[in-house]
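Both complexes below contain subunit A, partnered by subunit B and then by subunit C.
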Partner chain A sequence: MKSEPTPATRSIVVERTMPHPPEKIWRALTQSALVGEWLMENDFEARAGATFTFRAKPMGNWNGIVHCEVTVFEPPRRLVYTWKGGIVQNAPPSSSLDSVVEWTLTRVAGGTRVRMEHSGFRPQNESAYTTMSGGWPRILERLENVAAERA
Partner chain B sequence: MTAATNALFKTLADPTRRSLFERLCRDGEQTVWRLTRHARISQPAVSKHLSALKAAGLVRDRREGRETHYRAEPQALAPLVDWMGFYSAFWRDRFDRLENLLQRMDQ
Partner chain C sequence: MKSEPTPATRSIVVERTMPHPPEKIWRALTQSALVGEWLMENDFEARAGATFTFRAKPMGNWNGIVHCEVTVFEPPRRLVYTWKGGIVQNAPPSSSLDSVVEWTLTRVAGGTRVRMEHSGFRPQNESAYTTMSGGWPRILERLENVAAERA
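Up next, the complex of A and B:
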């Protein structure tokens, strides 16, 4: 596996200008209780090298846990953490999602440009053993919906 | 929803079928006999579920002597695996919530 070239990965980028100073947005991105209010419950620690988890409501067989490690912590401009999740009961360990979330705050007139890049998604045509990770919770959720609709 | 996705949904909506498929994904190729040992249903019932999974392209079978071996074809799930779509929607929603929180922090 290791000798094969790394397949190209894809990213999700969301960018918005918000009418708030970078320092304040930084607090919302890095204070555990505040992060919990808009993102997910977590035990985030504000320092590079810290490991922490996000916990969402379990869906289907997905345990709802995302494992993270802070790799860049440069207040109030840049925050990067790894995003490894999608561990699914009864699925192979390789189905885990191995991605990175990067926040960049840039002061602009009237506020801050907030940029989030979630990178490391593998192409969909790869083996579902690897792409299944994010898909399973979604699939199981949709299956439950479908089942409910038909019940 | 396309016809193909609909068929996959229908096939996997059954919990027994889903658990057979998950077992094959996790443990690799297995005989009907071994799958039956873990399932709480009869061998003909397991075979029937496996046929449905096979019809949906989710498993492949291979005869060896008197035994039939099944293995998962998780690629068949590709039409359902829209996880970039999932996270795109997730982050848009979270950006809304972040903006909402920032407004409340003002007060």
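Up next, the complex of A and C:
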């Protein structure tokens, strides 16, 4: 077979069982104002095909904007959006993130198993990978709190 | 629903397309002597239910031994084994790894998509998570080389 150089990509997976039914987690995952509380300010729209952005304070080379598109919207089980991060200084090879975030909710005894997979980190995304590996477990903790108190 | 505190667990996923057919990758994944070249010395046996160990030089608190059991063996597509790491100084909460490694091979144009998911890292496994997040992409690169040259 012919050789094509394909560098490895990495994903971050975080799983957490939350003591709430899937419908409650789903509301926290998909109502724009609630998403703003546990993740970032956004103009998320709850439908497949919607494009939206997350906006945070710029940090280092990152302009604070994430460009997204909802690719799967299956209440209350599965939500997928692309996640493209803008880098201000963008010399090749681009270290912009071209990635995907996938949420899967599974009803289990006592609540919901929440699985978040953030895939597509290339070797040049090392810094984002490290930052977000540490960040996602805390983000899921906040999601659980928002679901408990506000959804 | 009743609340049960379940800390988040994290997984490391590495995916890489290799320019070889699945059967060739499978041999590199499951022949003990070949596995020793890209991963660690081992007494791996190619059958579901087999228990085996990986052995490396002790490093820090780690005694260099990983205790494993093959739980899924489906040539040439899917191989799963448990991965339990021994820690010499084992004060609670134990920082021993109680984890799972899952290999999935998918035939694609030009070769095989290889997906490795190492799941089950708890908050107290932070150090192992960080070390192995950096290590697995290099291990898959070695796997590809061993498949190319020796399998």
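The definition used in the following text is that the second predicted complex is superposed on the first by the 107 of 151 C-alpha atoms of A that agree within 3 Å, B and C clash if a C-alpha of one lies under 4 Å from a C-alpha of the other, contacts with A are read in each partner's own complex, and residues count from 1 in each chain.
We adopt the following convention: contacts are C-beta pairs under 8 Å (C-beta built on N, C-alpha and C of every residue); 3 or more make two chains touch, one makes a residue touch a chain.
Note that the coordinates shown come from a computational prediction; the quantities given were computed from them, not determined experimentally.
Participant: Would you check which partner chain A:H20 touches, where first means subunit B only, second means subunit C only, and both and neither mean what they say?
Facilitator: Both partners.
Participant: Considering only the touch criterion stated at the top, classify A:R10 as touching first (subunit B), second (subunit C), both, or neither.
Facilitator: both
Participant: When the two structures are overlaid on chain A, which partner does A:V72 contact: first (subunit B), second (subunit C), both, or neither?
Facilitator: Touch status of A:V72: no partner.
Participant: Contacts for A:A28 in the overlay, against subunit B (first) and subunit C (second): which applies, first, second, both or neither?
Facilitator: So A:A28 only meets subunit B here.
Participant: Should A:L39 be classified as contacting the first partner (subunit B), the second (subunit C), both, or neither?
Facilitator: Only subunit B is touched by A:L39; subunit C is not.
Participant: Can A:A50 be said to touch subunit B (first), subunit C (second), both, or neither?
Facilitator: Neither partner.
Participant: So in the superposed three-chain picture, is A:S119 touching just subunit B, just subunit C, both, or none of them (first/second/both/neither)?
Facilitator: second
Participant: Have a look and say if subunit B or subunit C is in touch with more residues of subunit A.
Facilitator: The partner making contact with more of subunit A's residues is B.
Participant: Under the contact definition given at the top, report the residues of subunit A touching subunit B in one complex and subunit C in the other.
Facilitator: Correct list for subunit A: 10, 12, 14, 16, 20, 129, 133, 137.
Participant: Show which residues of subunit A lie in contact with subunit B when the two form their complex.
Facilitator: Touch list, subunit A to subunit B: 10, 12, 14, 16, 18, 20, 24-25, 27-28, 34, 37-39, 61, 86, 90-92, 97, 114, 116, 118, 121, 124-125, 127-129, 131-135, 137-139, 142-143, 146-147, 150.
Participant: State the interface residues of subunit B toward subunit A in the complex, per the touch definition above.
Facilitator: Its residues touching subunit A are 9, 12-13, 18-19, 22-23, 25-26, 74-78, 80-84, 86-88, 91-92, 94-95, 97-102, 105-106.
Participant: Would you tell me which residues of subunit C are touching subunit A in their complex?
Facilitator: 1-4, 6-17, 19-21, 110-111, 117, 119, 123, 129-130, 133, 136-137, 140-141
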